[in-house]
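Next come two complexes built around subunit A: one with subunit B, the other with subunit C.
After this line comes the complex of A and B, so read on.
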């Protein structure tokens, strides 16, 4: 074990930390995409807290980078009871009103469905 | 004279092939041991990489082409036994990155097998991730890279320490044997 090794290993770990910091910033670029009846209703940044009225039937809320459905006029209210979503590829669906909330990455690419071992 | 040296050459290369075959089977065995271990973290790509003990040893005892050969032989056998086409492609990409990085660093100077192996581990995981991103578009490269770099670096450093221990035990044999 030489001094060069420690410098080399530190350099790799610093590189990893740098990528982590940079990618942490770009994760804020995740967006909420709202579709109604299969058509795009709107796309919103997760960075700022806000309340979005979706037609007259639903209201969803963005808070601290998480999205949840706060109001729905349907009887079962499955979407309101759904856990808040924040990661790429997660969705909340309100089936009776055909409203879908989904999170996409910065460039609109969904997370992969599965990763081969 | 000429005939004699040609014979020596053949002896030499047969011995070399035999040793490399031994090392390749040892690497396969390490891969088997690793395949029987339960997942350490559940994160794909984070594993001890025990085979790389053999690869780094080969790199130091023999050289770059030999390390590459042993590594490719290991990947093909392990791939057919335990893996699938994709795991083989990932491993090959990782190996190309790792051997290139380790060959450059070993020649560069002030590094022992520990640092070289750590960099090799990090490069291996980078190569695998690059291959995965090319095959499956949409993988967030920068999100996986930090973890895989750190894990590869740690596993590689431990493997490098084991290589150091092995080479110091084998010191005299390595010096006196003609590989």
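After this line comes the complex of A and C, so read on.
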């Protein structure tokens, strides 16, 4: 095998590995995406604990990589009673205020892709 | 990139034409099986809709799905004054020509009114209108008004032949709440398939429809909401592939008054919520509209009757329910 062949093969291997790594994971892991009435309100890293005021109607909290709705002025308060979310595809919905919290980014190992019921 | 440049720089000239196609192949293979995934949320029918599509044309497919959903809202909504169903319910003539979509969904619903001898009835609308589960302080409607409304409920006074719909009585009203969402997810799944996409997931207010698989070796994973628990708390999960997963239960659209639970599945003989045999049923099958109808029908008619109905109608579905111990159990089709 010539020296050139070895370099060629190595180059392909290195690049393929790099492409696989880059396409397999997002740059900064899972993120919280907040939308109001279908419009993007904001996108936040789950890595940093914080409180997010969503207009005057809802407040959500990121703590220890989990997101929950801490306050809402809607009558049913289904969103506040929702289980905290952290895995890709999980959502919390405040239907009356049309607020959706969803997790994007890293694919959860066995998180459900949707929930029936 | 520095490494790449250095590698290319160090390469002997003749290898270059070989290297470029080889690298391209490596790039393409790495991207294969992970078609770009795109999800979009929207609000229709007083509920939230989320569609996730794995396709390079995801944006275009989602545009078409959401446009179609807007069209369906203008057909099936009972509240939107511009909808076809609203016009049917507030008609002046007793014979009308209706759209293919409305006719198809109504026809499938009427079959089950017949099969259950009216224990499931699409003309429940005047009664269901009296129950406002979204009110800030929901209240039990007065018995007299429920009785009045009940006198207008009888599917046998509705006649559908092709696209011609006729009513015996001017005050009969139709509610397709138990079938429309299923009909829509089924048609959206068809649309997505027709657009050449083989991997998508539709969630329409708790009705889930899987198109194909999530990825090459992986089915879609659908969680089942645990009744009377925090949203997102699951009783189990099912793997779904080219089928719908539809759950219906007494924990949705309900309120408690005087220590008693009032839910949205109404008894067509009393006008009050019916005594259900379980808190939740989940129906899995290929026809979303059928599964949606069967979920409601099953809550009304009970376990044994459900088994009998499924056997006799030959409906190709599986049905799961939550038993008294909170376990998730498949219905034995013998109804035992």
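Methods note: the second predicted complex is superposed on the first by the 77 of 117 C-alpha atoms of A that agree within 3 Å, B and C clash if a C-alpha of one lies under 4 Å from a C-alpha of the other, contacts with A are read in each partner's own complex, and residues count from 1 in each chain.
Note that in this section contacts are C-beta pairs under 8 Å (C-beta built on N, C-alpha and C of every residue); 3 or more make two chains touch, one makes a residue touch a chain.
Just so you know, these numbers come straight off a predicted model, no measurement behind them.
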Quick check for you: in the superposed arrangement, does A:72 touch first (subunit B), second (subunit C), both or neither?
neither
Subunit B versus subunit C as contact partner of A:30, first or second or both or neither
neither
Which partner does A:98 reach: the first (subunit B), the second (subunit C), both, or neither?
second
According to the stated criteria, A:38 is in contact with first (subunit B), second (subunit C), both, or neither; which is it?
second
Applying the touch criterion given at the start, work out whether A:54 contacts subunit B, subunit C, both or neither, answering first, second, both or neither.
neither
Figure out whether A:46 sits in contact with subunit B (first) or subunit C (second), or with both, or with neither.
neither
Partner with the higher number of touched subunit A residues, subunit C or subunit B:
C
Can you list the residues of subunit A that meet both subunit B and subunit C?
4, 8, 12, 15-16, 19-20, 23, 110-112, 115-117
Can you check the complex and tell me which residues of subunit A touch subunit B?
1-6, 8-9, 12-13, 15-17, 19-20, 22-23, 26-27, 88, 105, 109-112, 115-117
Show which residues of subunit A lie in contact with subunit C when the two form their complex.
4, 7-8, 10-12, 14-16, 19-20, 23, 35, 37-38, 75-76, 78-79, 81-83, 85, 89-93, 95, 98, 100, 102, 104, 110-117
Which residues of subunit B touch subunit A once you look at their complex with the stated criterion?
44, 83-84, 86-87, 105, 109-112, 114-115, 118-119, 122, 132, 135-140, 142-143, 145-147, 149-150, 153, 157, 160-161, 164
Interface residues, subunit C side, partner subunit A - complex
3-4, 7-8, 10-12, 14-15, 18-19, 22-23, 26-27, 29-31, 34, 39, 41-43, 46-48, 50, 52, 134, 136, 201, 203, 206-208, 214, 220-225, 227, 230-234, 237, 245-249, 252, 280, 282
